[in-house]
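Next come the structures, one after another.
Shared between the two complexes below is subunit A, which pairs with subunit B and subunit C, respectively.
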Partner chain A sequence: MKMLCVCGLGQGTSLILRMNVEQACKELGISAEVDHTDVSSASGTPADYILTGNELAQSLQGHPAKMIIIDNYFDMGEIKAKLKQYFS
Partner chain B sequence: MKFLQDELIELDADAGTPEEAIRAAGSLLTSLGAASAAYTEAMLDSYRERGPYFVIAPGIALPHAKAESGVFEAAVSFVRLRRPVAFGHRTNDPVDLVFALVSASGADHIAMLRKLTLLLNDPKRVEALRRAKRREDVRELFI
Partner chain C sequence: MDVIFWIATNVFGTPAILLGAIVLLGLILQKKTVSQIVSGTAKAVIGFLIIGAGAGVIVNALNVFEPMWKEVFGLEAESLGQFIGQESFNAKYGSAVTLAMLIGFLINVLLARLTKFKYIYLTGHMMFWTSTVFAGVVIHVAGDVSFWKLVLFLSIVLGLYWTFQPALTQPIMRRVTGNDHIALGHTSASVALIGGLLGKVLGNRENDSEKLRVPKGFEFLRDSNVVTAISMGVLFLVGAIVVSLKGTPGAQQLIEKAGSQNFIIYSIVQSLTFAGGIAVVLMGVRMFIGELVPAFNGIATKIVPGARPALDCPVTYPFAPNAVILGFIGAFVGALIWLVVLGNTVAYIFVPTMIVLFFHGATAGVFGNATGGTRGALLGGFATSTVVAWGQFVMVKFLITSTIPDTAMWAADSDMFILGPVIALLAKILF
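Coming up: the complex of A and B.
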């Protein structure tokens, strides 16, 4: 099961989200492969879930993955709550 | 790697627009020789082209550009704005804490982001950042 964290350039903020998503998955016992990339590459990258901020979600509309919007990349509570919606 | 040394921290900066805020954080990097002036322009271009996606938490912006844009050394600068500025983000405006990121090699980059993430994951330490009176107060939060 693959999760893709997406930001504008694919080297900074998506990596931060990835670190926190990996930690959240560990704490929730979710087994997933978590990767990160930029918004242009994301459209060509298969994934089951895409995690990103609201600003870029529009550009990813056509992607078959389920979109999970994270407002605060530093809020482990928010990340875990949103993951739990799909994995409880 | 230059991570938030004194010369990379500015408290209570005056910036009226997102561009001024990004320029303030960028000029700290240029003065210390971590990145060229072109890197600051690249951060501004990125904001204009891709929008405020780097405002990833309420009040917190992490502008950055691609490494090819004129990077000399991995670094993070921090500017706290005297008055918060709207970047156009739907939920996380206005911004008062700006961290400009410069990445060089892969290992430095990950180490820097991890340090920053551990700090900013902690609401108490983010609050302390907002109340810090001196640069040492900011640096102490990262130990």
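Coming up: the complex of A and C.
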């Protein structure tokens, strides 16, 4: 299973989100390959789940992956709660 | 002795291999699986090598952009001149830059452990660019400095910068985020502080930008590829039209470069090539930073538990989305003004690099809004364009001219411009 964390530039913010998602997956016992990228590249990258903010999710409409909207990339509580909705 | 010499040339002297070795070690220490270790190391090395390839594409496009706008302003056409260029610079000094990043980070961790400044700088791509640009300044000012002297100097400067920059912005960061959990770790710190100061003096905090109703449809601004392509496309187009209308010999010479292709079409393709080159470089940076930062994070959380992570500037955006747009508008308008002013006064063709203007203008906007509302946000954005435009001129013309002016034209930014003269002065005194 592949998860893609997306931000505008695909450099810093999505990487931080990726690290937090990896951590959350580990704690929840979800086994996933997590990667990070910018929004242009994301639209052409196959993935099972895309984790990103509300605005960028709109730019990625039509992507076959399931969208998981994360409001605060640094809130481990939120990330875990949203992942639990999909994997429980 | 032969073994040491072999390691010195082939590991420390070959940046891609050195980086691979560091990442390999980091992945092993994080107890990753064999497949993760292999793929992570390979990605890091490939990413590093991609940067050079993309940099070459950018230089080619800049070599069209510069003379074109020189012609628009009626300035003497001259090429960018003799310089090392990012690709060769990486090959020659990339090892020193990589080691300086690593040791500079360890100094940051050590300072966070020992002093009350408990900030860990985790914005990896900015660590790379700051290290690279500072190295470019040192080599330009002091010539071919010995390897370990360069590493030592850069590590100390960077270690101090990465520790104290988040500390300086934290008072306003607390106001922006409403808590004390995260810090700003980004080279937009100086313009963010200027934005905060301008907001305080000239703004009106009651008039918060979040009370404004900003029309929807600005989502595309979040996509850096699109913004770079559109803005450079417009600038190349305007330049091409003006040059086409001018009958001067200089203009004729430029048009001949397009060969049988229409000059305007040729120029638009050049602008998109420029955006493509940036996308390539950023992909390379993403590939190797993506392997490095988790390892850095692992080290930091072990040595300094509970330290605040200093993070990339978009962390501030959700707290004031309208200020983000206002800051960018201020920076964009300012950049166009400074493009004309710099061209007409000091004969410098400013490359209004959108990635820098957007991210820095937006951060300054958020900080300006925190102290001075809507007016603060706009002023923060305008101040950003001022620092970036004049800073780029000073750096490209005086501080980094013989090494990597090509990189300074699009990847160097606010804090590097503010600290550049200090680095140059220190390099002059110490080497």
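By our rule, the second predicted complex is superposed on the first by the 88 of 88 C-alpha atoms of A that agree within 3 Å, B and C clash if a C-alpha of one lies under 4 Å from a C-alpha of the other, contacts with A are read in each partner's own complex, and residues count from 1 in each chain.
Here is the rule we use: a residue touches a chain if its C-beta (ideal position, glycine included) is under 8 Å from a C-beta of that chain, and two chains touch if they have at least 3 such contacts.
On a predicted model such as this, the values are computed, not experimentally measured, just so you know.
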Exercise for the section: Would you sort A:27 into first (subunit B), second (subunit C), both or neither based on which partner it touches? Expected result: neither
Practice task
State whether A:71 touches subunit B only (first), subunit C only (second), both chains, or neither.
Solution key: both
Fill in the blank from the handout: Max touched-residue count on subunit A (subunit B vs subunit C) belongs to chain C
Practice task
Classify the contacts of A:37 with the two partner chains as first (subunit B alone), second (subunit C alone), both, or neither.
Solution key: second
Exercise for the section: Using the touch definition from the top, say if A:55 reaches subunit B (first), subunit C (second), both or neither. Expected result: both
Practice task
Mind working out whether A:12 is in touch with subunit B, subunit C, both or neither, as first, second, both or neither?
Solution key: both
Fill in the blank from the handout: Going through subunit A, the residues touched by subunit B and also by subunit C turn out to be 7-9, 11-13, 15-16, 19, 39, 53, 55-56, 71-74
Problem - Residue numbers on subunit A that touch subunit B, as the complex places them - result: 7-9, 11-13, 15-17, 19-20, 39, 53-56, 71-76
Handout entry: Complex interface listing, subunit B residues touching subunit A
Key = 46, 50-58, 60, 62, 64-67, 89-92, 101, 103, 109-110, 113-114, 116-117, 120-121, 126
Handout entry: Footprint of subunit A on subunit C - complex, ascending
Key = 122-126, 181-182, 186, 219-220, 222-226, 279, 282-283, 285-286, 289-290, 293-294, 297, 309, 311-315, 318, 355, 359
Handout entry: subunit C-touching residues of subunit A, taken from the complex the two chains share
Key = 7-13, 15-16, 18-19, 22, 35-41, 53, 55-56, 58-59, 71-74
